[in-house]
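Please find the structures below.
Each of the two complexes below includes subunit A, the first together with subunit B, the second together with subunit C.
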Partner chain A sequence: MSVRDLLSPFIAWKHLFREPVSIRDPFNREASERYRGFHQNDVEKCIGCGTCEAICQNGAIDMVIVEGVEGIKTRPGDSGLRPRIDYGRCCWCALCVDVCMTSSLTMSNAYKWVENDPDKFRYIPGVDKKEWDNVKQGYHRPDGHRLNAPERIEMPELEPAERIDSFVEIVGGYSVEQARLEADRCVTCGICVATCPTHMPIPEYISAVRDGDYERGLKLLYDSNPFSQICGKVCTRRCETTCAASHEGDPIAIRWLKRHITEQVPYEKYRDIIGGPLPATGKKIAIIGAGPAGMTAAFDLARKGHEVSVYEARSHAGGMTRYGIPEYRLPFETIQREIDLIVSMGVEMHYDTRVGTDIQMQQLQQDNDAVLLAIGLWLGRGTRIPGADHPHVYKAIDLLRRIRDGEQLEAPKSMVVIGGGNVAMDIARSVARLQKQQQGEINVTLTALEDKAHFLADPVEIKESIEEEINIIDSRGPQECVSDDQGKLVGLRSWKVLSIFDDQHRFAPTYDESDEQLHPGEWIVEAIGQMSDVSLLGDALTEKLEWDRGRLQVDDDGHTSEPWLWAAGDCVKGPDIVSAVATGHSVATSIEAMFEQKEAQNA
Partner chain B sequence: MQTLISQLQTRFQLSEFILQRDNLAFVTVTREQLRPLLLHLRDKEGFTHLVLLTAVDWIEDNIFQLTYLLGDRTAGCDIGVRLMLPRDVASMDSIHDLWPTAATYQRELREMFGIDFPESPRVDEDFILEGWTDLPPYRRDFDTLKYSQESYVDRLGRETKDPAAYMKLKLYPDEDNDG
Partner chain C sequence: MADAEFGKADRSQYPHRRPDGSLDIDLTSGKYLKLWQGPNHPGITGNMSVELTVCGDEVVEGKTHVGYLHRGFEKLMERRTFIQCFPIVCRICVPEPDFNEYCYAAAVEELAGLEIPEKAKWIRALILEMGRINSYLMYLGGQAGAFGQGVIGQWTTYARDLMLDRFEELTGARIYHMFILPGGVRDDLPEGFDERMEQTLQEVERTLDDVYDTMFRNAVFKKRAVGLGYVDPALVDEYGITGPVARGAGVARDVRKDQPYLVYDQLDFEPVTGRESDVYARADVRRRDLLMSVDLIRQILSKMPHKGEVMATLPNVLHWKIPRGETYIRGECSRGEYGYYLVTDGSGYPRRVNVRGPSYTHAMALLEKLIVNVNISDVAGLMVSLHTYPPEIER
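So, the complex of A and B:
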């Protein structure tokens, strides 16, 4: 036995006088700064996408209806549901916080909660008030820590120098690998579906891309949209504006993924995958106008086995997609493939047949069980400013149609476009291409009432226009189309816009008259909106129908006040392809319902 | 660290090191290289501490990755030695004789990933998952949610709504999704 062994018990005694390392009151101990405690949810930031529920590996989260709470409402981009957490199952892993698409869901560092009733340990954070609601400490997703990539996979596109002297398509399309990476960013919450006018099953077809099951994807597309190839290229993609991923990153490239599916399936297989028409019913429908609305209705009704005849004033089908959208955005071939597919369902096409001239409405009414008016918006609106009656002042829609029709236009040396929407960009960019081809240089000025931040055009269109040397001058009010002494058009005189709308939000622009400019142009093109040419209806029918401020009035199903006549597309809904598809579907459903009703009455 | 890495590379013919920070580097080795390298690092280079032994399931590549993290306490730097194992023959030589604590890590890996370390003390005994009969739970093909739902009963009154279906009900109940 050593001396040390003898002394050691006494050495231990010295600890008696030390500061204790244990905690005197463990029940009131403050949790560490980033402790993962009870959840908090900023319910106004939350969009109810349910991604927290989907990721929870313990099945601890339910998406529940919350009513009567300010800031929570079911609306485009917000389901109105909010997560409720069952702490009997939660394991505090914080995956729900890490994946939250808006960062609304966080965790406080509160960890103490005593109740006798076990059901109390299930609550809706942010709705059921708790004392830790405003606690700052706790777990928040650290900056830069993301479970899904915030940035969109870039779409291969032609560079401005490569594309400006031709009408070759700009966008290249995703490779399989790129599409899968982009599809992987989608959390398949489905918040976007309500925003799509025709409610395409977006999460399902994006899942098909992820699985590489393109035939399933194509079936999903064509069950809801017979213009899927076209929409895959030029849809206004409102869905992307409500995409859950857009809150903290780029929205999913929904349009490009749709395009990708249509590009991956060989066209010869389309018809088999989509399926052919049902047996003939003997019912007859006449459709006036072969644009997206008319052809969608034709597709739906022909597949039901009805006899569908489409009357088209022009030589080709496609409507505004064929004659309004420039080829660099939408090649003819894409349109033709779409139309051929629809026609293959047994639709009879009458091209170069103008109703009102070549055949009368009355005749169509007599020969058919239903008639659909899908005549689009083909009359350009004018500014009616002084000098606008000059022969070199054009309507954008007329020029676009002439270019698309293959007419060899001789481009002016300089041109001014009035308008800030997509049609204005289309004509500016089309004429810029002609100038480049014919003269080697571009001289196009685009003026609009709005400031750039409020342009109606797609931001991508504006970006690409600038890349293509279009001179965009915002906040300019057109005053006069100015001609010289010889009557030659020299340009557009404009004033600076101070405001566009009055207090009651009525259109009443005000100008700073001292800020005057002359934008030089041999041509001036008005691109400020379109209206329908309804002259085909004839006086008697026009008199009988109900109108709403110049627009044909229809009910929710597109039914006019005449029992045999429906209307769909741009002429009732305003210009938008996918909305036209949606109205095409709803008139087809309505016409079908009328047939069924009649059959029930006859039985 | 850079000098050490160069020396190790010459001596053991190792692949590229990944220098994560000034005081942290990773290298991937073969099964034959592992033991001599660990011994050399422990006995000659001052990496006396086995900080941890852990695994990653690279299920897409059919591989388990083992990471032996060694620490030099005096110099304050760490080296991670990585080793790739075929996932379907998940067995590795034990290093409990180099560091006794390795036995505990190896027992944990046996339980959580199903990676065997023959001759490691008590490697087949339950570690924390007493009476576990399912797939090892850290394997990525283990369905945590399914296990949770089968093992634990929901309290009464649980119900949930699908966001897209609920939005249809509230915003466009009369329209067909499929045209």
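So, the complex of A and C:
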């Protein structure tokens, strides 16, 4: 100790002359740019997936219904819920912001909120108006900071060179490891379930993949979709279009995970896992058409113990899946396994039996308690342009059927396809394969009214078609199928499309006639849509039934205006396998309900 | 015990021990008084009690009691997913939360086999040093305050507030930063951070100059602190003493040097040590360590890579499962060795998390040893000199 130690502390006095430094005015001090303050939510962008609620370890978030409140409307892929935050619980960790699937949830840098009622500190950001709603500063998820893997696990596929000269299946299927990684990406929000026409329990079966419990997964699949093996390969997967992960990354490969489950369970075990039929009830149902809708209804009804007979005009079941989808997308074996399983529930099959010719509708009505029409869309629509009656102008659906039937078609040297949907891609790619096999050269041109961005086909189909050297020319309106002097078809003359619809959204294409092209083709294939062949009904029944613009009119359950007759599948819903499955289910439920009603009346 | 013995030279022999080792204290004799110090901030920031037995103004026994602040974090974590543990760990130590974030994240990363980007390591080290400065500033105020010098706390609070501003602009929060998470750190440094940090560092240095003159060169402080709470270097291993308490005793123990983590092997520094091992020596070690942190921050900011990611790619954290394993991650916090022992069992939740805060050993076993024969008025000063944060005792 020294004199210095006595004097030195007096240095403190110099602070007398300093400005006060530790007084901060909370009412005028702005928090930093990144400050984690009160939440904001862009409710237009938010899809109500509830992932924010799932991650909050404080239970500070409740998802509440806002549909209809404040003029908020639900759209497809939106649950109609929005997060409500309770600041009695929130710890401002911002994990909810980090995990938000749409980046709609952010934080402002506001931190002052004075209230004398403690229950008031709870609100729905973006819905309950707050003064910090439009504050720009505050925490937003930084670029590259992700708490969920945004990229899909790539599916092993054959390279274009390996696949172009064969009908071998392109997709290889995930390994267990790949499937688990993909399943891990799912946030289990369940928005997809509402979008799936048959409402498959998607998050649940994906979690079965995660757990490696494939038998549980298979049971979940077949409880909602007896075409699970087929849908696992070729479903239109509307679920994936609304997947929460698709907003800022790739949607979960829901279809491939379904496929993975069906591949992991040995086929011999399927029936035990799914469960057999209930004891016989003595009720009889006739189903016309062995496609997805008819066979789904057959599956449901047979498992209830009813006696189901299916009448199929062709020699194999599967409908459009068997005769309309090329083998490189859906091998015969997959279809056969599916059909065998359904038939094993006690369904009686009558192949090569055309109703209206081999057996009459009346007969079916008499012999059964209910009849279901599941006749699909087997008539191709034509363009009716000049020259379209040439024998080498085909309907895509007819050609596909012939290829699938095993007919040895001799491919043309060149071909033009009219249409931009999946069927157009299917026929283009099938004929390209035949050309490659037979001639070593591919010459297929595909034209459509739409521009490429608006093609109806699956983007994957378009991408793969281009890889397979299909020449896609968009925005072309077909004008004439041109033949030479000898009557040989030489190609399709087209004009450039300016617009497709008029102001009232009616189909009324306009063209730039100065931009004319001739697409060379020995064959021209029309793939612009299909319709039902309803001639089997006979005049009297056709007269009696109610119709809606050429389509049979049914109620929500697929019941026609005749009490004994139901209709399901493409012929009422338009072409889509999983929608057909959905209508198959609802028709089966409706028929079942009718039986119960009758029983109740008789008792 | 004869009254004649009272006041004799070797105070450590007083009070006597019975043959069974217990203290020979007859509470009914009227010579002793039971006195509770605590549980509200008894000389440390947080809640804990010392049950004092005093004879006159001299403590003859001090029993520590904890449990006033128990929130069960370790147990809570067993019911939370790996990402959900991230926001709660910081609460285990309020004044210097970042070590919890770092140790937890590093433990998860090790068991999950996750490699973090280089830049994230630098930012982590930066944050840990910023936190150390804050913790020491708070300590200095407390140490001086325990001996009646309120003004030091006012000055250091001012400097700490500036550092909190830097925390706020970097992490988005002042106290619970929640910035170091498994995989890296949340974000890069904001624009112009280096300059503002430099200003803050200069202000911290200026404040420390004043603190040095008024606290360390102060007859009163010296009179109270010199010779108080002597820790025999031989006790260091016996009691598991780490950090400035060990360094004050001349034992150069610093995890940053002994087992370098993050980027400490690329920084130039030597552990700060003292000799006298009393309250004054420990305070001075901390003061100098604080200045070393100022230097380390300057080194970090100048050596840090300018570009690069700050976050590794994580799997979907909602279903993040980590394979079976166990690890212990440690780091040098302002109070000594901070560590996380993490056991995983392949599920989505930690099987066991054990937090080793240095306060546990210092504030309980060591304090009970040092407190005997201390004057009542020095108890608070002694406790502060061990620099304990009760929340980390009761994880």
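Here, the second predicted complex is superposed on the first by the 584 of 603 C-alpha atoms of A that agree within 3 Å, B and C clash if a C-alpha of one lies under 4 Å from a C-alpha of the other, contacts with A are read in each partner's own complex, and residues count from 1 in each chain.
Here is the rule we go by: contacts are C-beta pairs under 8 Å (C-beta built on N, C-alpha and C of every residue); 3 or more make two chains touch, one makes a residue touch a chain.
Here the structure is a predicted model, which means the values were calculated and not measured.
Chemist: For A:5, using the defined touch cut-off, is the partner it touches subunit B, subunit C, both, or neither? Pick first, second, both or neither.
Modeler: second
Chemist: Using the touch definition from the top, say if A:329 reaches subunit B (first), subunit C (second), both or neither.
Modeler: neither
Chemist: Answer with first, second, both or neither: which of subunit B and subunit C does A:589 touch in the superposed model?
Modeler: First partner only, subunit B.
Chemist: Could you look at A:57 and tell me whether it touches subunit B, subunit C, both or neither (first, second, both, neither)?
Modeler: Both partners, subunit B and subunit C.
Chemist: Is A:32 touching the first partner subunit B, the second partner subunit C, both, or neither of them?
Modeler: In the superposition, A:32 touches subunit C alone.
Chemist: For A:81, using the defined touch cut-off, is the partner it touches subunit B, subunit C, both, or neither? Pick first, second, both or neither.
Modeler: After superposition on chain A, A:81 lies in contact with subunit B alone.
Chemist: Which partner does A:147 contact after superposing on A: first (subunit B), second (subunit C), both, neither?
Modeler: In the superposition, A:147 contacts subunit C only.
Chemist: Let me test your reading of the model: by the given contact rule, A:233 touches which partner, first (subunit B), second (subunit C), both or neither?
Modeler: A:233 contacts neither subunit B nor subunit C.
Chemist: Give me the intersection of subunit A's contacts with subunit B and its contacts with subunit C, in residue numbers.
Modeler: Common to the two interfaces on subunit A: residues 57-58.
Chemist: For a test of understanding, state which residues of subunit C touch subunit A in their complex under the given definition.
Modeler: Residues in contact with subunit A: 80-81, 83-88, 151, 154-155, 157-158, 161, 165, 168-173, 176, 178, 186-188, 190, 210, 213-215, 217-220, 222-223, 309-311, 313-320.
Chemist: Applying the document's contact rule, which stretches of subunit A touch subunit B when the two form their complex?
Modeler: Interface residues on subunit A, with respect to subunit B: 48-50, 53, 56-59, 61-65, 74-76, 79-81, 86, 88-89, 118-119, 122, 189-191, 193-194, 198-199, 201, 203, 223-225, 296, 300, 556, 585-586, 588-589.
Chemist: Help me check something: in the complex, which residues belonging to subunit B touch subunit A?
Modeler: Going by the criterion above, the answer is residues 144-145, 148-149, 152, 154-155, 157-168, 170-172, 174-179.
Chemist: Can you tell me which positions in subunit A touch subunit C when the two form their complex?
Modeler: Contact set of subunit A toward subunit C: 1, 4-6, 8-9, 11-12, 15, 21-22, 24, 31-36, 51, 54-55, 57-58, 91-95, 98-99, 139, 142, 144-149, 181, 184-188, 210.
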